[in-house]
Structure formats: structure tokens, C-alpha cells
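Labels run A, B, C and D following the written order; every chain starts at residue 1.
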Amino acid sequence: MENGDGNEGASAFHMPEWMQIQFADQKQEFNKRPTKIGRRSLSRSISQSSTDSYSSAASYTDSSDDETSPRDKQQKNSKGNSDFCVKNIKQAEFGRREIEIAEQEMPALMALRKRAQGEKPLAGAKIVGCTHITAQTAVLMETLGALGAQCRWAACNIYSTLNEVAAALAESGFPVFAWKGESEDDFWWCIDRCVNVEGWQPNMILDDGGDLTHWIYKKYPNMFKKIKGIVEESVTGVHRLYQLSKAGKLCVPAMNVNDSVTKQKFDNLYCCRESILDGLKRTTDMMFGGKQVVVCGYGEVGKGCCAALKAMGSIVYVTEIDPICALQACMDGFRLVKLNEVIRQVDIVITCTGNKNVVTREHLDRMKNSCIVCNMGHSNTEIDVASLRTPELTWERVRSQVDHVIWPDGKRIILLAEGRLLNLSCSTVPTFVLSITATTQALALIELYNAPEGRYKQDVYLLPKKMDEYVASLHLPTFDAHLTELTDEQAKYLGLNKNGPFKPNYYRY
Amino acid sequence: MENGDGNEGASAFHMPEWMQIQFADQKQEFNKRPTKIGRRSLSRSISQSSTDSYSSAASYTDSSDDETSPRDKQQKNSKGNSDFCVKNIKQAEFGRREIEIAEQEMPALMALRKRAQGEKPLAGAKIVGCTHITAQTAVLMETLGALGAQCRWAACNIYSTLNEVAAALAESGFPVFAWKGESEDDFWWCIDRCVNVEGWQPNMILDDGGDLTHWIYKKYPNMFKKIKGIVEESVTGVHRLYQLSKAGKLCVPAMNVNDSVTKQKFDNLYCCRESILDGLKRTTDMMFGGKQVVVCGYGEVGKGCCAALKAMGSIVYVTEIDPICALQACMDGFRLVKLNEVIRQVDIVITCTGNKNVVTREHLDRMKNSCIVCNMGHSNTEIDVASLRTPELTWERVRSQVDHVIWPDGKRIILLAEGRLLNLSCSTVPTFVLSITATTQALALIELYNAPEGRYKQDVYLLPKKMDEYVASLHLPTFDAHLTELTDEQAKYLGLNKNGPFKPNYYRY
Amino acid sequence: MENGDGNEGASAFHMPEWMQIQFADQKQEFNKRPTKIGRRSLSRSISQSSTDSYSSAASYTDSSDDETSPRDKQQKNSKGNSDFCVKNIKQAEFGRREIEIAEQEMPALMALRKRAQGEKPLAGAKIVGCTHITAQTAVLMETLGALGAQCRWAACNIYSTLNEVAAALAESGFPVFAWKGESEDDFWWCIDRCVNVEGWQPNMILDDGGDLTHWIYKKYPNMFKKIKGIVEESVTGVHRLYQLSKAGKLCVPAMNVNDSVTKQKFDNLYCCRESILDGLKRTTDMMFGGKQVVVCGYGEVGKGCCAALKAMGSIVYVTEIDPICALQACMDGFRLVKLNEVIRQVDIVITCTGNKNVVTREHLDRMKNSCIVCNMGHSNTEIDVASLRTPELTWERVRSQVDHVIWPDGKRIILLAEGRLLNLSCSTVPTFVLSITATTQALALIELYNAPEGRYKQDVYLLPKKMDEYVASLHLPTFDAHLTELTDEQAKYLGLNKNGPFKPNYYRY
Amino acid sequence: MENGDGNEGASAFHMPEWMQIQFADQKQEFNKRPTKIGRRSLSRSISQSSTDSYSSAASYTDSSDDETSPRDKQQKNSKGNSDFCVKNIKQAEFGRREIEIAEQEMPALMALRKRAQGEKPLAGAKIVGCTHITAQTAVLMETLGALGAQCRWAACNIYSTLNEVAAALAESGFPVFAWKGESEDDFWWCIDRCVNVEGWQPNMILDDGGDLTHWIYKKYPNMFKKIKGIVEESVTGVHRLYQLSKAGKLCVPAMNVNDSVTKQKFDNLYCCRESILDGLKRTTDMMFGGKQVVVCGYGEVGKGCCAALKAMGSIVYVTEIDPICALQACMDGFRLVKLNEVIRQVDIVITCTGNKNVVTREHLDRMKNSCIVCNMGHSNTEIDVASLRTPELTWERVRSQVDHVIWPDGKRIILLAEGRLLNLSCSTVPTFVLSITATTQALALIELYNAPEGRYKQDVYLLPKKMDEYVASLHLPTFDAHLTELTDEQAKYLGLNKNGPFKPNYYRY
């Protein structure tokens, strides 16, 4: 879900040094891990995204709950089962409703349940998972269950769990160990409870961030003997897997689902095209028409931002380091400039590079009064926010996620989300985008679990193109879209299988 | 501010019967006036729009204030003046800050202050006003003061007053009579306090909705002898003035500022192009890409909605009754259909017609599950919401402004703002749009006040085109836009004055 | 057809001095009339537009025809009729095919034939016409005939007649007096032959440019006693009528069809949106992507040009003198500049102002090498082409309609159509646009002919809105567009007649 | 230049059977090679594209030249050199002017001359080339010369040679063997004269179509010992190379420049976005607004066509076989249908699939009257034109490249370019696009020639990404585009070299 990380501008595929984490010092890593912090800060917005489904306010009012740690409570679900640890099992009903609404917007998973149910392609699979616990995740988990898998689950983030959803899953018999507001100790305890079970040993891992994988590597390395594969969604987690692979330490096949085509396009281009408008509107109520905007970086995210703002009547400038992307910007009708050329005149600065210090203090000093600065790209590195925390500048929090930074001469710049990701902090991720991701994960699990011996080695793989195409095809009915089928004659002419894959791996879409 | 009323679809210029109110029965009118109710329901969103300027939460926290009626309080400002009635004079400082921020986004009024200040074009003017009391209004009032006018002011809506702003105005010496949550009796009492003053008699009226005008007609008809003119902003108020004029009862010139070009384009086309996206996102978090949408009505509001949604990747159908607008829709790339043709397949239905019962129960019955229905057009008449309040349908409030209406078979339609105006209920009006309106009002006052004897008779007038152009020109610097001037030779060639007006009245822009 | 004249930028409605022609000196007028020359130069392209219908090459090969003047030939059609004068009656068959193809693309006139045929609304009408003689005009004439009218016709332009079409009309029994390449004397002789007939006197005039009207005024003023009205299409002709009206010399009602809504939108916005691309491509084969363009004037034509080029990936700047249009440009996402600010950097300069000397020699001196300069606005006044005809500059004709003007230092600017209208010189007018105009003319004739005594006085009128709407409605079936009808209840609510008109006259569309 | 071939729809990368040609039977191949025929038929339009540079008419008037075969003429250039064979050496001056104009629009090659001239990176290179001989090719050849290479050149197409340009090259001392209208025997004779020279042996091959490569394989296989590499531009030629490679017969490294990113985007997306409009307008003069269009295939070409038509106000439907591309179409706002669903209602059918028989006789039978059918995709296979050549249908050629096919009931469909590529047959290729290709070729030659031993083996390679980026960067100055450079700190953070490459090979742009 960390957009920008993946595909943006130059940084896209080269991990910065701070990501090159050694497993040696786990404790330290936990504390200084900026990506992790980045993701935590967005947990609220991810849970907000469950409101995508028009959740009743009631489901969010657990803030006044009792303060007893879930670890200290004795809870059972209605069937007497107590193999779980959630905030309050009594919230199950609220959570169930959330899940039901999410189901309506995740038709691909529901279709998968139906199509694959007869044959139970995950029969015998024992999946341990560590992801955000939201209604959408619940739909994924229950789909995996319907396909034959047993699942145990922890949260990949200490703030992002929706307690009601966790309760509903527990009530349905899923061993879930997660609540909103875990301590660091809780976090690892929950993961351990998923893995370290009497008489049950996982044979598949679904991870988001790599913490679960790391824990097993560190504590239960022998488990890998029975594990058929790892499916990893996040940039960070994928990076760790590539590092393990390079170091020759990866002992099972792993699937990088972050870089599959369909997921990438939705996470970046399509999602950001909408969320840039949403994020700016919700925070500033500004009018887009006639505004001058500079977008730094013309990768997928930048392309989405530029297209949306141009369509709303903004005048958009682009900066780029890559001449090919730069030429694309030209052909799409954007003036390609250096940031310095336009910094004095623009009303909005948006970063989508994946790089660091793209907007420096010097730039900030030269911006005009009321200039809005925000980041759509990567983590919180793109704007040098630290440079603004100096005595001569006054910070004024004017709204949630909106700060005025005031210069001695009275000039204000409007900083959104303190330089963190605008789209995750100030807008929501549509369920449809999450559906793409969840379906990709489900298919990756099925593929790895059922792959014949030898198809996958101890390496990191992309999702096979045919399955990538299948993810897409499962989402077409949402748009009442009708695919054409090749005739036999045409398939022969093209040298293609009628069911795909339809493109070579290097096809650029 | 009631968009759609003015320019939409067919209804645009023909008032429905329920607007054809007799002044005879004032009490009754107050109770049954749907427009008024419509406007009241949007008061919150108008006051929200002041957060356009990133107001601190603090300024909205007066809900826990004491419950004493302002009419029963004895308050003085710091100069000992007590000719006002506001909630709490001590909130003046908060309000001042709001006003200062609004000033930054209303450069046209600030420029007007500077340009016209030397000559004080409103010296001697005694203006009584009745409008929403917001930071933007305050900027207008203080501009009028700077131009030489004396002002007394009441609120045109019992809910829309920002108490802090009212306090700030009172502190600055403006006799303001308004607070949030007035009773109907309070409402008329406040108006009366503005008008019925010992030793002061208004010579100009600035009205929004016609209540002030009505009150003077009813209670102090003799005052019109000294009144040089009325400036009216709202559709409703303008309609009343035309009725008075037709009936031969209008006894002073009136300026209809609602229909000036610049204001219309911003209230309808430009504002709605953005607010349709904002309103839908804030309420439903939906994704626009690939969605099928039908927009009923291709007037200015419809054009704005269609352009925005098309740009975001929606597939848009249009319905129209007017063949010229219909042909425009065709040339702009929209399929022109009857609602029945697409009602089963669309994901969103948006009304912008100004008409009534455009979406009927029959249509609602045929919509597919999860179809979103909302109104951008006029009041609350376009969708037959009443037809949904029947026993067999269940209503579920899932969020503020979002209801699920559930059919016996489980089908849900998602109704936004109960069929009231989405853009006013679920998004905010940018200060820039309000700036256009306020500047238009200020210029209309200047024109009427300074017009030589005989230029205006006892009739309703549009703002002279030259002043309409002036409003536009005052807003160009915001965009760093540089106007070209005609040479003498060119002006002669074109038969134009170099300073405008540049177009005949019938020019369509 | 002279777009830009009508609705562009500032000049739109104020006639330049050279148009203010006195009828006293007819001879002189004919010689110096720039508009006329402008129109002549475009005659070829108008006749090209008949190739819109994929005419066979054969129909244009009459260049090798005999050189005998048609006035000296004795020709009869197959029925023995000789009341016509065309180039060669034998070409009738080719012309008939052209007409048949045009009929397919003018469904509105064909529908009109069907709908009105029963009642023959023009029964008894004797129409004398003076227009371009093209296949589209023939469809109009035969429609008028089908509706009951008798017609006699001359050409309004000495070059624009399609001889085959004239022959086909003569063959069908229409008294047509026109050929391509008339002398001035021929021109007036043809007109006279239409009017001055034994035993036949016109009671309606259909004019394009005002020459026919002028001739009758000058030679046969008594004819006006029987004439029920004049329908005039061109800017020039309309201007003359307004002058006559002002001078109190207009002795019959006249209908200005040039300014009807539907026609204006198609002649300007919709047509130019496509022809700017077409004209530039056909002359220069340039690529639009990434090009910097300045468009002078943001009226309907400018709006069309800007929208098209922006969509093709050009970076577009706009100049304007009118602040309202300027603000529209801003809100549509174009930087508003003075020409001098961008003249050194742009790749293309396009004028759409209706003004004169918008592009001066000074501007031309500062343009960069290979800059393309063209005019979409008005006549040939906008670019100061005369200033380029100086000894130090070399002109090089590199293609039809394309000149390189070469500075001493080798810099070339690329001037299209010698500054005349690009869209008429270098692209074609789609039949659909001509259909709109012809239908408007037909309805105006019907209206004037059938209007009850007293509806129209000796003045110039716009087409009644209801008929304007009818023109639009007749063109909707082309797009398979389905209009919605008001219910009785809705019509009552809106205070409208169910059949229109649907808007007040000042509605801006 | 055969767009669609490369990247379209499904077929993109799988060669149809008829391309799988054996070298055994050369004669036969020459006769039945459809691609070759396809390319020949487009030769005229490629040579037209040189008019891109506003060529004087003179340069095309050699049709009346003497009919003596150039092979039978004795010609010398002004320096007495006779090592060439062109139509008429006296036309050199005309050709030189064409070349000079092309130079102005190929700034990248000119910059390359300057930048690389000092070091002469091609010093010692002996390049034999076989390409279209146009002004743009001449700029490439003279650039290669300026970089130190010796060149000998033949035409890859018997019709596409511009004789004046060939003359100009001969006059400058380039041994060129090519003229317009070669016989097949001439074709191979010319190639042989390039290769088979006393005392000169090529060490580099630049080929377009593979004929030169084939000739050397067949006649002079020993030459490959000295040859450092082959650069091949066309789909067909590239396919042959891959076949040779698979068969283990490729004996030198080869560079596939057809699939470099920059070239692909310009040949397909950017070029077709403009040429679809141009091709339709030039052939039919149709209006795009409101037209219903179905585009078959949503690869790069389809994306370009759809975007352009949508922007012009057409209503666009898309068909696809690949679910990922289908989902992209949905998110871009196009209804995804099967062709049968819309075939009765659309006004235009455009194929961009690379597939065969996408439009069948059955589809053609169901189209409505006046439906336009054209192909932007691949060769002439997409529309089953053969099925229309039956006795019951009448063909009528109404214009160059435009046929009406008439059904017995009178229905006409309008077939463009007999189903061959519209963009090559009916519009021109901008010089800028050709500049991208030529620069790519030059860089590929430099790379292969200078690559250290062992970098390239006997295989087919894509242009290294860094050089692909360099091609792009050389074209940025055309747009006055300013690239941003990474700081050292940023480069380190990203793990990138400051000079690129900036993306991994699988990046999708």
C-alpha cells in the first residue's frame, strides 16, 4: 500500500540505505525503521478506508473501552473457542456487518470462492498471516478458508487493527491475535501466538512488511522445512526477501506480489489520480481551477497526479531526472522544468519521486505565501521537513494533517501531513484497490501451494503473467466489461494460447 | 449560493409554484418555505467553508457555551459600545483571525478597498444587510466600511452565523445582530434591530433571500422613500423582486446580482466541476474510474459534473429536455439517453435539472444494488425522496449525509444528503467563489448608490456588463494573469471603448 | 461561414470601419470590399467541402471545359426548359450524385421535407436566393421546393459555384444562374436574371452577404411591397441590415440567422475545435505533442482551438482583452499572458480575436525560427501580413497555402494561408455544420412567410428560440440521441410549455 | 515504421505463420511476402513524410523524367566520382535543400554530430545500409559520416526512394544505389553493389527489413567474419534475426532497435494519437464530435486512438482480449464490449490489434449505412477485405484511399486504404518521429562498434537502457525541457549512477 515506493521516479527500484537492515539487531530495527513508522502513521487512514463501506459510526466508538490489555482477558466466542486474542469479542456483530459490506465491493474474491470452492485448491494449506486487519483482509481470510486453508493471523501494524473486525473473525473461528494500540511487546507476542502452536505448523506465509517472515527466521528456522512459500506484498518486505536471496539465505520460494502489473497500476496510477484531488480538497478546500502546480516526478504516481490536476483546470509543471519520463511529460502537454524555475510562482508543490530532499529548505524559503506543499511519493523523505523545525519558523496546526509554517515576514506555507504520504494520510483507499491486492495475494498463495516440485526455487518470483491477467479478469464484471475471446484461427495466427498469457514479460502496458 | 436554482436545465428561469409566495401570510410562509429550509440545511456547510482558511478547531468549540439567549445578555465591546447582539463578544479575537485569513483569499475586495478608498464611493451610504454571517461576509462588510458606508447587519439564516466572526465585527464597531441557533422570533427581532433605529435610516439594502426587504415592505414602507436601491443575491429573493416589479409594487431600483456572468459561471460550472468529485468522495470513498454515471440535465452544473467525471475515467450518460443542450452534450462526447434506458446499469445517478421528480420511485425501484443517488441541482425536489419513506423500505444511516435505503430483497441504494444539494451538504464552497459573489455585491452597491438620477427606475436590473467585467478583472491577479489592452487603433477598429464593456449583452461566453 | 467574425473575442459585435459601406458607390464597394475578397478566397475550400461526401474525381475535372461564357450558350434541360444559366447542363448527372450524397448527411432537411410536406408551409412562397451553390445548398433548395416554394437562385460568390451541382439543379427545373469563375458583370447579371422576370415576383429573399438585397434595393425598390421578409446568413449581410434598420430604411422584416445559438456553436466552437488540428496537419504535418502554442482570443473559436491543442499534448497560452473571457481561460487551465511574454518561445501563434494587427511585425521579428503563424479569427486582418512584404524578407512558397518568410539571418517563420482564415483555406467544413446552417435558413423562411401580420415589423430579428431548438432537435437523430419529455406536472412546476422554448433569451448555454 | 506490428494487442510478439519464411527459396519469398508488399504500399506515404519539411513541389516532378534505367546511365558527380547509381545526379541541389530542412527538425542527430565529432566514435567503421532513402535518412547517413564512418547505401523498398535526396547524397560522395521504381532485379543489384566492392568490406550492417542481411548471408557469408554487428529496425527484420538466433545461425551480435522504449512510444502511442485524426479527416472530412466509434485493441496504438477521439467528443467503445488491457480501458473511461454488441450502432470501426480477421464479413454485413472502417494496427490482415470482393457488392473508388463498398440494398460502408494501415497510407509521419528512430539507429551502431570484446555475443539485443535514455535526452531541447540532475547525496540514496540508467529493465513507463 505504500505507493510511490514501488514505481516512482528514479528511486523506484533501488532501496535506500536505511532499508538495508540487518536482522542481527532486531530491537534497534524496530525503533528506527522509518518505513514502519511511515506505515503506522497511515494506519488510521487505512482503517478509515473501511468506512468506504459506509460503516456506522458505532463501529468506531471503542475508544472509551475498558483499558484492560486483551492479553489479560479471558474471552470465548459463542462456540466456546478461545484460541484468539482480540479487544472485545462482543463487538463481533458490528465487525460482521463491516465484512458483509466489504464483500459487496470485493466481487473478485467472492467469485474466487465460488469458482475454486469445488476443488478446494488450498485444502491442506496452513497459512500464517501478518497484515493490516481490516474488513477487506477479513474477506481475504474467509476466502482462503473457503478454499480449504486453515489460517492464523496477526497484525502487521500496531495501530491499524479494526477491533470489531478482529472480533468477528474470532467469532467465526479464526485464530486472530490483534488489537488496535498494541505495544511493541504485544506486537511480537501476537505474531508468536500465530506461529508457535501446539500441533499446528504453518506451510504458507502471507506477509506484509516482512516481520512475520523475520520472526520465523529468527525463532523457528526449522519451520521452513515444511513451508512451501512466502507471499509478500510490501516494498519493504520484498526488499528484504531480495536481500535474503542475494545473501543465499532464502530457503523457500517467495512471491513478490507488489510488482504485479494490475496491482501496480491500481496502487499508483489509478488510485493516485483520484486521491491527489481528494487529499487536497479534504485538507484545504482549495479550488483547483487556474492554480499553478509543480509535480516532481513523472512516474505512475506523477502521471496520475498530473492528469487529474490538468483535467480540473490547473496549470501543471513537471520535474524529472529520467529523460524518457521527461519526454513523456512533454508529449502529454506538461512543461518540463527544474524546480527552481517555477518555485516562486506555483500554488502547490507535489512530490512523487521516491527520492529524498527533493524539496529543500532553500525551495521552501522561496515559495510564495500560501503555497501548499505535499508528498504523494515515498515515505516522508521527499520534503526536507526537518529543515523547517528551526526556531525562526512558527508552526501552527490549523486542522488535522494541516500545518501552517510561518516565516518571520509573515509568509505561510501550508504543509500537509507533515510531509508524509498525502494519499494515505488525508484520503482513503477505495475498497476496489484493496480488492485487487487481496485477489493477487490469494492467487499467489494458490500458485505457490499447488506448483509442481521444481517450478519455483529458493528465489523471489513475480506473479506469473497468466495469474496477473486472471486478477484483472476477475475485476472486469464490476464494470460490466465484456472480454473478447480469440478464435482458434486467431490464436494460431498469433501463436498464443486462447487463455493467455497474452503478452511477453517485457510488455509495458 | 443555491446553485442549480439559477441556471439549471429547464427550470432555470421559471419559478415553481411553491415559490410564488404571498406576503400576506408571513407566519405561514416562514413555516412552509422549502427553499428556506433548503438553505438552512446547508448553513453548516457554508460555515464549514470558512474552514477553507484552515481555521483552528478552537473557533468552533462554542457548542458548550452558556445557554443564555444573547437577547438577554448585556455586552459591550472594548470601546464601551453596546449597539450589537452576538453570542459572546469575548470570541472576537478568534473571529478576527478567521477574517484575516479570509482576507488573504479575497484579494479582489482588498484591492477594491485600496483603489476606491481615496474617493470613498460609499461615503454617506447607510447600508442595512441581511446575509450569512461568515468570515467572507465580514471582509465584505469591512470593505464597505472602508469605502465610506455605515452598515447594520443581521443574519439571513438562523443556523449559519459564525459566532466568533459576529463577535469580531461587533468588537470593530459594526452593529451586528446575529447568532447561531436563532429562533424564528429572534430572526425577525434581529432584522428589526438593524432597521428600526433611533436617528439612523438606511438608504441601501443588501439582501440574501428577500426577508429583510420583505420586513421593510411590511413594517416600514415609508423607509423606501430614502432608499436608493436593493441588491439581492439569491434566486428566491430575485424572484420575489421580479414579482413585486410585475405587480407594480417595487418602489426602488433593485439589482439582481445572482445572474451576473462571472458569479453564475463560478457558482455553477467551475464550482460544481470540483464539488461533484469532492462530495462523492467524502461521502462514499468510491473510485470514479470505470463507473457508469447518468447526469440528468446538461446546464452549467451538468456540464461541470460531466466534465469532471469524464476526466476521472467514468462513463457518463446525459438526459436532457432541451434539444440545444442535448446537442451540446452530444458534441462533448456524452450519449444522450432517457433515464429509463440506463437506469438498470448505472452506478451513480446525479440530478442537475432544477426540475422536480426527475428521479421517481419507479426509477429507484429499477436501480441496481449499491447505486448512488444524489442531487446537484435544486433544492430537494429532484429526487422523489418522499416516495422512499414507505414501510417496505428500510433506511439505514451509515454516515453523516449517507443513507442506505434497503429494499425487501436486500437491494440497497445509497442516498446522499437525503436528496438535498450534495455540493452544499457534503462539500465546501471555496472562498474564491465567495469572493466573486461578495465583490459583485460591493460593486452593485456602489453602482446603485452613485448612479445619476434616472439611470435606474423602479425595476430589477442586471449588473452592468462593465462592472461584471470589473469583478472578473479584480480576480485575475490571483492567477498571475496578464490582460492585453487594446491599442487606440484597435479600439477604433472594433468600435469599442478601451476599458470595456467588451461584449454585447447577449454574448453567451 | 466567416467564423470568428461572429463571436470572437472583443470585436465580435462591432463592425470595423471598412464594413460601414455606403450603398451610394456600389462599384467602388465591389472592388475594395475585403470581406468579399476574403470569402472569395475561401470559395475553393467550400467547394472542397462537398468532397466531404467522397465525390468522384470526375466531378471536378471541368477545368478543361470550353471557354465559351455560359451567357453566350444556348442550353436546355431534358424537359426543354431553358430558364437557367449554368456552365454545362450535361454535367447534371455528376451533380445529382453529389446532391444525393449530401442528402445522406443532411438528415434534418430530409426530415423537414417529410414532416412539413403534407401541409406545404411554403406553398405560394416565391423565394429568390443568393448563396454559395454547392451540393448542400441544392439540398436546401430542393427542400424549399418540396415544401411548396418556387425558387430562383444566383451565386453569392464568383468562384464558389460547383458547376455540376448547378447543372443538376437546372436539370431538375430550378432556374439557377451561376457558374464558377463569373466576372463581376456576370455576377450582377445573374442576380438580375433571378429577380427581373416576366410574370414572377419574389416574396421572400434568402441572402448570404447582402448583395441580392442590395440589388433589389437599388434597382427594384418597389418589389419590397410584396416581399414578406429577408433571411440573411452572413455577418456582413446582417451588419448591413442593422445599418438599414438604424437608418430607418429597412422596409421588410429581416431574420438574422447568423446569431442563432445552434449555428453559432457549430460554426465556431465545434467546427474550429476540429479544423485547427486539420488545418495545421494538412499544411505542415507537424506533431502537436509538446509544442508551445499561443492562442490570441478566448471566444468560442479560441476555446475550441485551445481545447483541441491541449488534448493533443500542446502547452497552450492565451491572450485576451476581456477579463471575463480571461478568467474563463484561467479556470480552463491556460496561462493568460500578453503576447510579448511568450512570443520568443512559442512554436505556433494562432489568432482568433476578430481584431486587427494582433500579430505585428515586431512580434514576427521576435518569433523563433520555424514558428508557425496562422489565423482562425476574422478575415485577413489579424496578422499584419503587409508588414512582411518588405525587401529585406524573402518569401518562399513551399506548398499550397504555406509560405516561408525568411529573415536576413536565415530565420524562417511559416505563414499559413497568407494570414487568411486557416479553417476555410486549409481544411474543409463538414457537411454536418452546413446542415445546421441550411436548416436554420429553411426554418427562418417558414417562420417569416407564415408569421401572422404584426408579429414582425420592419426590423432585424433573431430566430425565435423555439425554432432554434427545433433546428437542434432535427439533428439529434444523427447521434441516436433520445430527448426526455417533460411530464405535465413537471411542465407546470417549471412554468414551461412542454414543447419549448425551454430557456429565456439571455440564457448563455 | 510498421506500427501495430510491434506492440499491438495480443499479436504483438508472436509472428504469424506467413512470416516464418525459409531462406531456401528466395525468389518465391520475394513474391509472396505480404509484409514486404505492405511496406511497399506505404512507401508513397513515407516519402510524403518528407514533405513534412515543406518541400517545394519541384522535388516531386520527376515523373516526366526520361525513362532510361539508371543502371544504363553514365553519371558523375561534380568531383568526377561515379561510384553511385541514382536517377539523376542533376537533382542534387533540390535534394540538398530537402536535407537541410530535415536537419532543422532533427536536432538530436545534429547534436550528436557536435558532441561526438571530436572523438569520431565511428572512425574506421564501414557501414553498409539498406533503408528507405529519404531526407531524414540522409541526415542520418551524413551524421554517421561526420562521426567517422564510411557508408554505402541501398534502398529497402523499390518505391520509397526520393530521387533528389539520393542525388544529393551521391553528389556529396556517398555511394548510393537507389531510385524510385526499381524492379526486383534492380533491388538486389543495388544491394549487391553496396556490398560487393573491390577493396572495401563492410564491418557494420544497418538494415530495415532484413533483405541486406539476408543477401550477405546468402551470397557472402564470409563477410560476417569482419562484421561487428547488425542494427535492425523493422519488426520483420527483427523477427528474422530472432529466428536465426534460435536456429543457432546468427553469427554476429544484432541490435533490435525496434523495441527500444522511446522509439516504441513515438511510433505507436504519440504518433497514432495524432494520425488517427489526421487520417480520418483527410480521407472523409468527417466531424468527430458525437460520433460513436469502436476501437478494437487497447495496446499503445489503441490507447492513442481512443484518447484522441475521446478528446474530440467521440463516444468510444473498446474491444480487447487481454484482461489487463481491458481493465485499463475501463479505468480510462471506455466501455469494454464485444464487437457484436455495438457493430450495428457505431459510425466508425478502427482496428489496432495486430490480429487477423478482427472485422469479419459478418460484422461488415451488420454495420449501418455510411459506417467508416479502417485499420491502424498491422499490415492488412485485421479487416477481412477479401470477403468484400464478391459479386453482390459494388466497389466505388470515391477518392484516393477511399472506397465505398455498396450492398445490394444500397447500404454503403466506407473502407479506407483498402484495409491497409491508415496512418501510413492516409497521413504522414512527422519528422520528429523519424528523428527518434534515426538517433536510435545511430546510437546502436556506435554501441555495437565500440563495445568491448565479449559484451555482445551472437545474439539479438535491445538497446541498452542508458542509450535509450540518451536518445530521449537528445530530443528534450526541442521542447525547451529542462532535466533535473540528481545530487550526489540523492544518487547515493537511490543507489543510482547520476547519469543513468534510471530504471530497471522491467520498468513499464
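Here are a few things to note about the model shown:
Methods note: contacts are C-beta pairs under 8 Å (C-beta built on N, C-alpha and C of every residue); 3 or more make two chains touch, one makes a residue touch a chain.
Chains and their UniProt names: A, B, C, D = Adenosylhomocysteinase.
Just so it is clear, the structure is predicted and the values come from calculations on it, not from any experiment.
Centroid analysis (C-alpha atoms only) places C farthest from chain A (Adenosylhomocysteinase).
Of the two interfaces, B-C and A-B, the higher number of touching C-beta pairs belongs to B-C. Inter-chain centre distance (chain A (Adenosylhomocysteinase) to chain B (Adenosylhomocysteinase), centres taken as mean C-alpha positions): 41 Å. Centre-to-centre spacing of chain A (Adenosylhomocysteinase) and chain C (Adenosylhomocysteinase) amounts to 58 Å, using the average Cα coordinate of each chain.
In chain B (Adenosylhomocysteinase), the residues touching two or more other chains are 270, 289-290, 312-313, 330-331, 335, 479, 481. Chain B (Adenosylhomocysteinase) contributes residues 289-290, 310, 312-315, 330-335 to its touches with chain D (Adenosylhomocysteinase) in the complex. The touching residues of chain B (Adenosylhomocysteinase), counted against chain A (Adenosylhomocysteinase) in their complex, run 49, 51-52, 54-57, 104-105, 270-271, 273-274, 277-278, 281-282, 284-292, 307-308, 311-313, 345, 369-370, 396-399, 402, 404, 414, 427-428, 430-433, 478-481. Of all the residues in chain B (Adenosylhomocysteinase), the ones that touch chain C (Adenosylhomocysteinase) in their complex are 7, 10-17, 259, 261-262, 264-265, 270, 319-331, 335-339, 341, 354-358, 381, 468-470, 472-473, 475-476, 479, 481-487, 489-490, 492-496, 500, 502-509.
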